[in-house]
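Just below sit the structures, each encoded as structure tokens.
You will see two complexes here that share subunit A, one where it goes with subunit B and one where it goes with subunit C.
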Partner chain A sequence: MRVKHTVLSGLFVITLGVAFTLIAWSVHNNLKSAGLELDFGVFWDSAGFDVSERLIPYDAGDSYARVIITGFLNTLLLALTSIITASILGVWVGFLSVSSRWSIRTLAWGFVELLRNQPKILVLLILFVVMVQTLPPVSSAWSIGGVVLSNRALLIPAIPLGDGILILGYVAAVLVWLRRRPHLTPSLLWSSLVIIAVAGWLLLRTEVPIDRPIREGFDYRGGLRISTQFLIMLLCLTLYHGAQIAEVVRGGIQAIPMGQIDAARALGLPPNRVRWLIIWPQTLRLIFPPLSNQYINTFKNTSIAIAVGYSDLMSVTGTMINQTFRPIEAMSVTIGLYMVSCLIIAAGLNRLNHRLNRHSRA
Partner chain B sequence: MTWRAAYFRDRLLNGIGLVALVWILWWAFDWLIVSAIGWGGDRASCLNATGACWPFWAEKWRLMLFGTYPFESHWRPMAASLILLTLVGVTGCQCARVIFRFSVRTLSVFWVLGCIVSVILMAGGIFGLSPVPTTRWNGLPVLLLLAILSLILALPLGIGLAIARVKSQSAVIRIAAAIFVDGMRAIPMVSVLFVGIFVLPLVFPRQVNLDPMWSTLLVLIVFHAAYVAEDVRAGLESVPAGQSDAALALGLTRMQVIRHVVLPQALTQALPALLNTIIGAYKDTSLVLILGLFDLVATARMAFSDPLWQRQALEAYVLVGLWFFVSCRFLSWVGRRIDQSSVR
Partner chain C sequence: MARRNLNWMVGAVATLMCGHVIAGPVMDEVKSKGSLVCLVSPNAPGFSVPDSQGVFQGFNADFCRMAAAAILGDASKADIRGVGFSDSLKTIVARQAHLASRSITSTGTRDADPGVSFVVTSFFDGQGFMVPKSLGVKNASQLNGATVCAEEGSTTLLNIADYFGDRGMQYRVENIADKTARLAAFFSGKCDVYASDVTALTSDRLLATEPAAYQILPEVISAEPLTLVSQPDAAFEKAVYWAFQVMLNAEQFGVNQANVDQVVASLATQPKGVARLFAKDGATADMGQKLGLPTDWAYQVIKQVGNYNDVFERHLGASTAFGMQRAGGVNALVRDGGLMYPYPIR
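Now for the complex of A and B:
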């Protein structure tokens, strides 16, 4: 028996090797007849096309390597924001779908069923068409309180990065400090008043320069610019995965024994606390594995952005292939990036799952 | 908040929900019927209408279903789609234990015949049917053919991969299968489709003329197989070890044990998950439009890119959305029936 297995494994390895050699040989021949050869140096060539949005400085003269990284960062940004928004929507709708009120339940059910039974690309294209038909051109952009929305971009007055971090850090510090003291005592009240006074004084002294979008010729300048492509992608992934997450959450909540809820009510806990202190922690533990699956899917599904022209990893790779006709080099790098990030996300979520379940009796 | 306040807030919420529900239903009804231009109306009146434009559907339904397939031969894609839909319908009902009770063998013969006949109907070239190049295969039959063929062929491949991953005695094979399955599941389908269109033609010798339809089918098979393998693996691992021990003790060979004892139980266990994978794969087939293949969503886009009908984008997509809604609901109904019967 043992010998047979060794022989089998050997045969398998040899077959695999032969197959790979054949493929490599064939690829080599095909490329040679097209006057090409495999060369990853292409990544250092100048890309020559512009990317509408970027998190790192980039211009058309930069290399393909840089444009790929720019696209990859866009993918990560889109994935992260849509995971957050889809989770919020999903948990919310999930709770609505177990509401004791039938009208609310029906609404939630309708939303979930409508979205779950559509291909994501159709959801995306419908949103795209609706946006194109409803949003105004730049010349008649909607402007409310400094926020400007046109069919090109959403512009928000922005606080410079340094001041933004300072303010955020300050607010976070106060919140953390207050959270550690559950009972409001007079001394606490005084000290928080002092803190707020100091904060106000600081803010008044150093005027935070706010960067507002200003109309200049045919476009707006300044402010935080969020392109409509990003918004549509964000909306699409939020709705599509929000519906899927809602279904996961609903299943989780329904799996919680009714006795838990009855006991919490009997103890006199108000409904909000029953929801967030009794139902939710247990649900989260239960649903975490399918939830992580949804997060990984969301990350992978950012790749449909190519259909609306958001410059994510897949779409810059598409442009690169069209320009250089080097699909093997481009696709191997792109697939590698997707694969590595997926595995890292999966490993991270797995660890989180273990931490969540560390204290559960099972 | 006290329970009394919560009670009143709940009543209020119910009222708000009710108003929203009625409003949405009324809005849909208004769009579809009240403010719509009827079936017999003309294009000009659609331009100012706030509702749906039925003349658009009347004019474009054949384009949306079959795209640029030669107009006089539209019966062919129609017949091919009907054959495939009937096969799915019958198999679905049988899985759900409704009406049909064919043997597995009969059903398999139907499937093989049905698939071959529908491909022949689409492609032509024999039996006096004029040949039609795959570039003119559009709409519903493309969606159905790609989804069904890729899944049918992915099932055996996926089952094989799962067995190789769980049951193989050779570590090399186990690891290779695991790397393939986990790797494939870690990349988006769009990138796999890109590989199919751009890289695959380079892999085959130049004598093989691979057109986009078939290379897409090929990568779809490989891609879906990874997901099938993962579902079947979970099924295989849920079969108690005692089952195969007992079968081995009875003197069955390892292959017989897998074929007759372990696999039937594993597939029964995996069926609900497999059905979810099938629904997902069916929906995702529409992604081929990114590569310029014309499935149902792409032909809908084709219908309203006609300059005369540019305002009717929503009508086109609503029709396609309705189709997906109905077909996915059918598949998930089958899934629920299977769940119920497995509990019993």
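Now for the complex of A and C:
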């Protein structure tokens, strides 16, 4: 049996290898006879165009390689934030959809069906057009406590990176210290609040220079800038994949035997604890594989961002192809980046899945 | 989006499947299929917009018809399809369309690509800026710090980068691929400026609820020779090139869609140049034989589509909503001070 398995696997790998070589050889020959030679040197040419947002310094004079990294980082940022928000929404709606109340169940069902039966790009364009027309233009931007919102961007007063790390470290230290004490007595709470207040006062005394958004010329300058197209993409992917994840979660919950829930109730556990101590851990194990699939889909679906001007990986490689006419080079790098990212996500989630299921496998 | 994916798939499959490149003439394919697949912009008022029957009408669409009239003798055999900018060139390279008559700028590096041929410039354009009048901007040098909307993937992005970079001016770009989203962004003030070819700005301005609230700045920051693009094929390119020259020559000699029948009926009394264009033993008949076109291809082009001026006035001229002045502009004939130079047909 094992020998047969090995032979079959070997044959499969060889067939795959031969097929791939044939395809590569054919592409190479076709290109050659059309007078095109593969040339990856093109990535070091100057790109000459700007992007709507960047996490690393980039300007039009930089290389195509750099603009591709810039776009890829934008894709990563959007994918990771969307996966987190879609999960939160999905789990919440999933629980709502098994609620004992008819009205809540119907609401959750309506939300899921509304989003599940629309194409993503339509959802995105509707959100985009409605948002840019609803939010005020820069000239009449909403400004609350230093936070500025217009149809261009959400601007938040920012603390310099160094001070930010210091403050975060301090808050984390306080939290860890509090967590070490299982029973929070009033005196402990008061003393910690006093420490926080004193530390806050000390910080203010040293005058952390806060970078506030200021109106200047056509736009606001300064502050942490989150573009509306990022927010709209985030909203779109959260709603769309949130609805899909909600269905996965609902399926998982409904697969838990009623006896489990009855037993928990019989023990006198309140509904909230039944949910998080009995239902959720078992549901998570069941839904992990389909959930992983949703995450990979979310990652790939960030590519619709090109429609609304979020400079993601597809957007920058698209422009690169139009300027250089080097589709094979640019697309192979794009394919590689998407593939590697998705494989890494899949591998990470698989490991997590194994750890989750270790105890349940007898 | 679906079409984008489909094109890619078709292109990829075509590249992967065939063992060798089919260098076969595009001309033969057009004639054997009896239809000429031609790509235009899906929604560019004046240039290409579907009418109530879903048939594309406009300045650019008429050059698709010109090619079909010259090669197949029937302008209605142009299979005109609306495709976004980025996808048009990919579709041509993937050999899924014969011709693209949309606002494609001929540039050196693009023409150097063996997958496409730039045949003849049908319109001389240049890139400009449109702003809301309420912004109080009178010229482009006042745009430091502005947010600029432009089509994703186009040369517009590079021209803006050059213009602002060369002058040490700051700007932010909104590179939006979807036209609905892009116009919504501009008209709602998400961008201060809309950058595109001046002609595109002229037509897009009409899509605003209040076109008079917007103005096009005087600066034209780039040369944009908008050119017909085909699959590489010498015979096909020559047919398209000379069909265009027939339209210019006809205008030069005062022959238009309305009077062409009358002119052809009285060729003996016409100037010799006119006879060379339309006579059964004229220069065009000889060319037609060598290029494999119908004998009366020049007549068919003028009869079914018109001369250059007919096409311009029909879709963009003074009697249309665009009210473009051709006289004195770059798209007038050379004798009227423009760049349209009728090459001799003899």
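The working rule: the second predicted complex is superposed on the first by the 295 of 362 C-alpha atoms of A that agree within 3 Å, B and C clash if a C-alpha of one lies under 4 Å from a C-alpha of the other, contacts with A are read in each partner's own complex, and residues count from 1 in each chain.
In this text, contacts are C-beta pairs under 8 Å (C-beta built on N, C-alpha and C of every residue); 3 or more make two chains touch, one makes a residue touch a chain.
Please read these numbers as outputs of a predicted model, since none were measured by experiment.
Trainee: Going by the contact rule set out at the top, does A:P270 touch subunit B (first), subunit C (second), both, or neither?
Mentor: A:P270 contacts subunit B only, not subunit C.
Trainee: With both complexes overlaid on chain A, does A:L16 touch subunit B (first), subunit C (second), both or neither?
Mentor: first
Trainee: Tell me the contact category for A:I121 with respect to subunit B and subunit C: first, second, both or neither.
Mentor: both
Trainee: When the two structures are overlaid on chain A, which partner does A:S139 contact: first (subunit B), second (subunit C), both, or neither?
Mentor: It touches subunit C, and subunit B stays clear.
Trainee: Based on the superposed arrangement, let me know which partner A:V129 touches: subunit B (first), subunit C (second), both, or neither?
Mentor: Once the two structures are laid over each other on A, A:V129 reaches both partners.
Trainee: Taking the superposition on A as described, I'd like to know which of subunit B and subunit C A:N301 touches: first, second, both or neither.
Mentor: After superposing on A, A:N301 lies in contact with subunit B but is clear of subunit C.
Trainee: In the overlay, answer first, second, both or neither for which of subunit B and subunit C A:G48 touches.
Mentor: second
Trainee: Who does A:N29 touch here: subunit B (first), subunit C (second), both, or neither?
Mentor: A:N29 sits against subunit B and subunit C alike.
Trainee: Figure out whether A:R358 sits in contact with subunit B (first) or subunit C (second), or with both, or with neither.
Mentor: Touch partners of A:R358: none, neither subunit B nor subunit C.
Trainee: Following superposition on chain A, which residues of subunit A contact subunit B and also contact subunit C?
Mentor: Residues 23, 26-27, 29-30, 33, 121, 125, 129, 133, 304, 306-307, 318, 321, 327, which sit in both footprints.
Trainee: Taking the complex as given, what residues does subunit B use to touch subunit A?
Mentor: Result: residues 1-3, 6, 10, 13-15, 17-18, 20-21, 24, 169-173, 176, 182-183, 186-191, 194-195, 198-199, 201-206, 283-287, 289-290, 297, 301, 313-314, 317, 320-321, 324-325, 328-329, 332 of subunit B touch subunit A.
Trainee: Can you check the complex and tell me which residues of subunit A touch subunit C?
Mentor: Answer in residue numbers: 23, 26-27, 29-30, 33-36, 48-52, 59-61, 121, 125, 128-129, 132-133, 137-139, 151-152, 216-219, 228-229, 304, 306-309, 311, 315, 318-319, 321-325, 327.
Trainee: Under the touch definition given earlier, write down the residues of subunit A that touch subunit B in their complex.
Mentor: 5, 8-9, 12-13, 16, 23, 26-27, 29-31, 33, 99-104, 106-107, 110, 113-114, 116-122, 125-126, 129-130, 133, 270-272, 300-304, 306-307, 314, 317-318, 321, 327-328, 331, 334-335, 338-339, 342-343, 346
Trainee: Can you tell me which positions in subunit C touch subunit A when the two form their complex?
Mentor: Per the stated touch rule, the residues are 1, 15-16, 18-21, 23, 85-86, 89-90, 93, 109-110, 113-116, 135, 143-147, 149, 152-155, 157-158, 160-162, 165, 171-178, 180-182, 184-185, 188-190, 192.
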